[in-house]
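Should a chain be cited, it is by its letter among A, B and C, assigned in written order, with residues numbered from 1 in that chain.
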C-alpha cells in the first residue's frame, strides 16, 4: 500500500533518469546512508568491524569492479586476486617511499596504477573472447602473484617477503597500524565504498555503460552500430581495475595490516569475488553489495551455528561451507541466473502491487 | 530511368540527389567459395534502393561489405565521391551509415530505451571522467540525446514499451526497435536487411509507412533487402537483382520486372 | 656430448612425462566440451575425488565418518576391512558413473541452452561442492596410494646412459613412476580415440558434439550421451588422480592440476583430442625447458607457475582458435 508509483509523475527526463525513481526507494536509500554514517560508528566494536563490516565494504568495492568488467561488459576475468595485489603493493611502495603524503592519496593512486596494469592485461581481449579470455586472465593472476613473491623490490627486500602497513593518520586518527580504532577503519572503508559506488553508478548509466553492455550482448552488432571495441573493452578493464586496486589497497592497509601475497591474493580470491557477483547479480551495483554481504556473512554464520552452537570441529564446518557455497552457486545459476538482485527486483515488483496479486 | 547523375525530383516530390555510395567490381570470397562476383552498383542520395534475389545470392554479405564488416578481396567502395579506405565497422558507422540485421541483433540485456540510446553513441561526446562525475555536461548530454531518442520513439509509436527489456518483446516489435536504434543515429544511409521478414500484412504496412516516412521526413537514403515483391515494387526507386553472387538486373522496378534473367532466377531456371 | 646438453635432454624427457599427464587431464575437458559445450572446471576436483574415493574404499573408511561422528557423537572411522586394489578401482568407477548421472540429472539438464559463461560458472560451483563433499566423505588429510606402483628412479635407464656424457653426467634421471604414468596415459588416450572413432557410442558422441538438434533427430538420447561422456571424464579423472596422487600424495593441490590443463587446451583447441595431446606435450616440455634455461638461472625460479599461461596467451593472440581448433567465422 505504501510502495506505490501512482501520482508520482516525472516531468523531466532528468527526473526519469534518476537512480531511485520510486519515492519510497529514495527515502530508504537516504535512511541506509544515515544509519551507516551516523549511527553505526558509535555502536561498532572490534568484532563487528573486523569480521563483518570492514571486509564487507572492501569486498563490495572489488565486487563492483569485477561486475563492471564481467557483468556489464561481459569480459570474464579470473585475475581479480592479482589485481588486488597490484593495488596493495602499489599502496605499500607509495606509503614507504612518500611517508608524508596522506594515505588517501596513496590509495587513489594505487587504484590508478592498477587501472593501467589492468588495461595492459586487457589488451588480449581485443583478439580473444569468452573462455579463452578467462584463461588469459589466469595468466595475469599467476604471473602477478609470482612477481610480487620473487621481485624483492616490491616488498622492500624484507626477509619474510611480507608487507605490512606502517601507521598512518587521517584527520588525526590512525587508520593503519596497531593503534587503529574499529570505527576509524569502518569509516574510511565506508567513505571509499560510497564514493566508488556513486562513480560506478554514474558510469554504468551513461553512454559508456551502454557501450559496455552492447559489447556484452552482441559485440559484432555493437561495433557495426558504432561502438569502438578497443575503447569500450580497455576502459572496462581500466575502470574495473581501478576499483579492484582500491579494494586491494584497503584490504592490505586498513583491514589486514600485513599480507603475504600467495595466501591473500591467490586464485581463491579471484573465485571469491566472482562468486559474489554471480550470487549477487551480474550487471547490478546493488547485486555487488548483496553478493559481498552474503559471502562475508555466510562463513561467520556457519561458524556461529556449527562451532559455537553445535560444537562441531572447525574443519568440518569449513568443509560444509564449501559444500554450501558450491551448491548455492549451482542453484542460483539454474534458478535465477541474475542472482539475488533479481529476486529483490521481483519482490519489489510484487510489492508495488501488494495487496493485489496482479 | 535517369542515366545521368543529376538530381531529379520524383513523382511524389522527393529529391533524388547525386551518387552517395558507389560499389565497383566487388568480389568477396570465403576460403574457396566466391560469395560475390564482380558486382557494381550505386546508391543515390535520397533514394530507396532495393536489393533482391533468391536466398544465398549474397545480399546480406553485400550489406556487410557496405558496413565494413567484411572486406572484399577485390573492388572498391566509394563514398561521397571519394574512395573509402579499409575502415573498422565503427568508423563506417561514424560516417553516417546505420543498419538493421536479418536475425535481430538487439542488446537483449537492455531495455528498449537503452537500446535506442545506443544508436546515439556517436553523438555523445562526454568523456570518461565527466561521466563519472555525472553532474553538468554529461547529464546535460544525456537529457539532450534522450529528447532526440524520444522523437524517434514517437515516430515509430513504441512509447508504451520504452522501459521493457527487449528480450520480452514479440518479434514484430523487436524489428521496430531495431529500426528505431538505426534511425536514432540520424544516418545518411540506412541499410535494412529484410525488415519485413516474418510479418503479417498489417505489420508490413506499418513498416512500409515508417520506411517511407523516414526517407521523406528525415531525407535518409535507404537500401533494403526484401523478398516481398509487392513491397519492393511499391517502395523502391531502383532495384538491384542478385543471383549466385552476380548482378543480373539493375533499374527501376518496372524495368527489372520485365527482365528475363530475373524471371528465370526466381522461377528456378538453372544457369550454367 | 656435453653434460649440460644431456641434462637438457633429461629436462625434455621429464617434460614429456609431465606433458603426457597434462594431456590426460586435458582430455577429460575435451570429452565433455565436445559433447556438451560445457567447460568443466571441476575436472581437477573430480580427479581428487576419484583418488580419495579409491583410497577410502581400499582402506575401508566409513564415508562421512567425520560428519556422522559430529552429529551423533559416535567414534567410527573404519569398517575394519580392506578392499583389494582391482575391486576398489572397479567400485570407484561405479561411483564416478553415479556421480556423472547425478550431475547430469540435477545440474546440467536444467542448464541446457544457457550461455557458456553460465555453464562454466556452474562447473566452478560444482568444483567447490565436490571438494567439500570429498572432504566430508573421506577427510582432508593427505593420503597415499598403495597401489603397488613402483617408486624410485628408473635405475636401468640411469645406468645405461651414464656413459654418454663426461664425468659430470650420471645418466638420465627419470622416475619409474613417471614412466608408468606415461605408459598408462598413452594407453588410455589410445583407447579413447579408438572408442570415439570406431564404436557406435563413440560415433553418437561425436554427433552430439557437432549438433544437438541433429543428433536428437536421428534418435540419439542426449542425456545418455552426456552421462556417458561425464562417466568417461570421470574415469580419466580417476587415472589422472591416481597418477598424480602417487607422485605427490592425494591432497587438495591435486585439484589445481585442472588449472594447468587450461593452457594445454588453449594451445590445442578445446575440441580436439589430438590437440590436447600435442598441447600437453608442448606445455610439459616448454615449462621445464624454460625453467631450466631461463627461469632458474635468471628469474629466480618457480616460473612453472605462470609460464604455461604466458605461452598459451601469446599463442592465442596470434591464433585464437589454438593449434587444432576450428576457425571461428563470425556471421551477422
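Things worth noting here:
The rule we apply is simple: contacts are C-beta pairs under 8 Å (C-beta built on N, C-alpha and C of every residue); 3 or more make two chains touch, one makes a residue touch a chain.
These figures come from a predicted structure and were not determined experimentally.
More C-beta pairs in contact connect the chains of A-C than those of the other pair, out of A-B and A-C. Distance from per-chain Cα centroids to the pooled protein Cα centroid is smallest for A. Centre-to-centre separation between chain B and chain C, using Cα means, comes to 51 Å.
One simple way to say how far apart two chains are is to compare their mean CA positions; for chain A and chain B this gives 42 Å. If you average the CA atoms of chain A and of chain C, the two centres end up 33 Å from each other. Across the assembly, chain C contributes 332 as residues in contact with two or more other chains. Among the residues of chain B, those touching two or more other chains are numbered 69, 101, 105. Multi-chain contact residues of chain A (touching two or more other chains) are listed as 220-221, 224. Considering their complex, residues 74, 76, 124, 127-132, 134-136, 138-139, 142-143, 145-146, 149-150, 220-221, 224, 267, 271, 274-275, 278, 310-313, 315-316, 319-330, 333-334, 337 of chain A touch chain C.
Residue ranges of chain B in contact with chain A, taken from their complex: 67-69, 88-90, 92-94, 98-99, 101, 105-110, 114, 117-122, 124, 126, 128, 131-134, 138-139, 141-143, 146-147, 150, 181, 185. Within the complex formed with chain A, the chain C residues making contact are 39, 66-67, 70, 107, 110-111, 114, 116-118, 120-122, 124-133, 135-136, 140, 259, 262-263, 265-266, 270, 299-303, 305-306, 309-310, 312-313, 316-317, 320, 330, 332.
Interface of chain A with chain B (complex): residues 12-14, 16-17, 199, 202-203, 206-208, 210-211, 213-214, 216-218, 220-229, 235, 239, 283.
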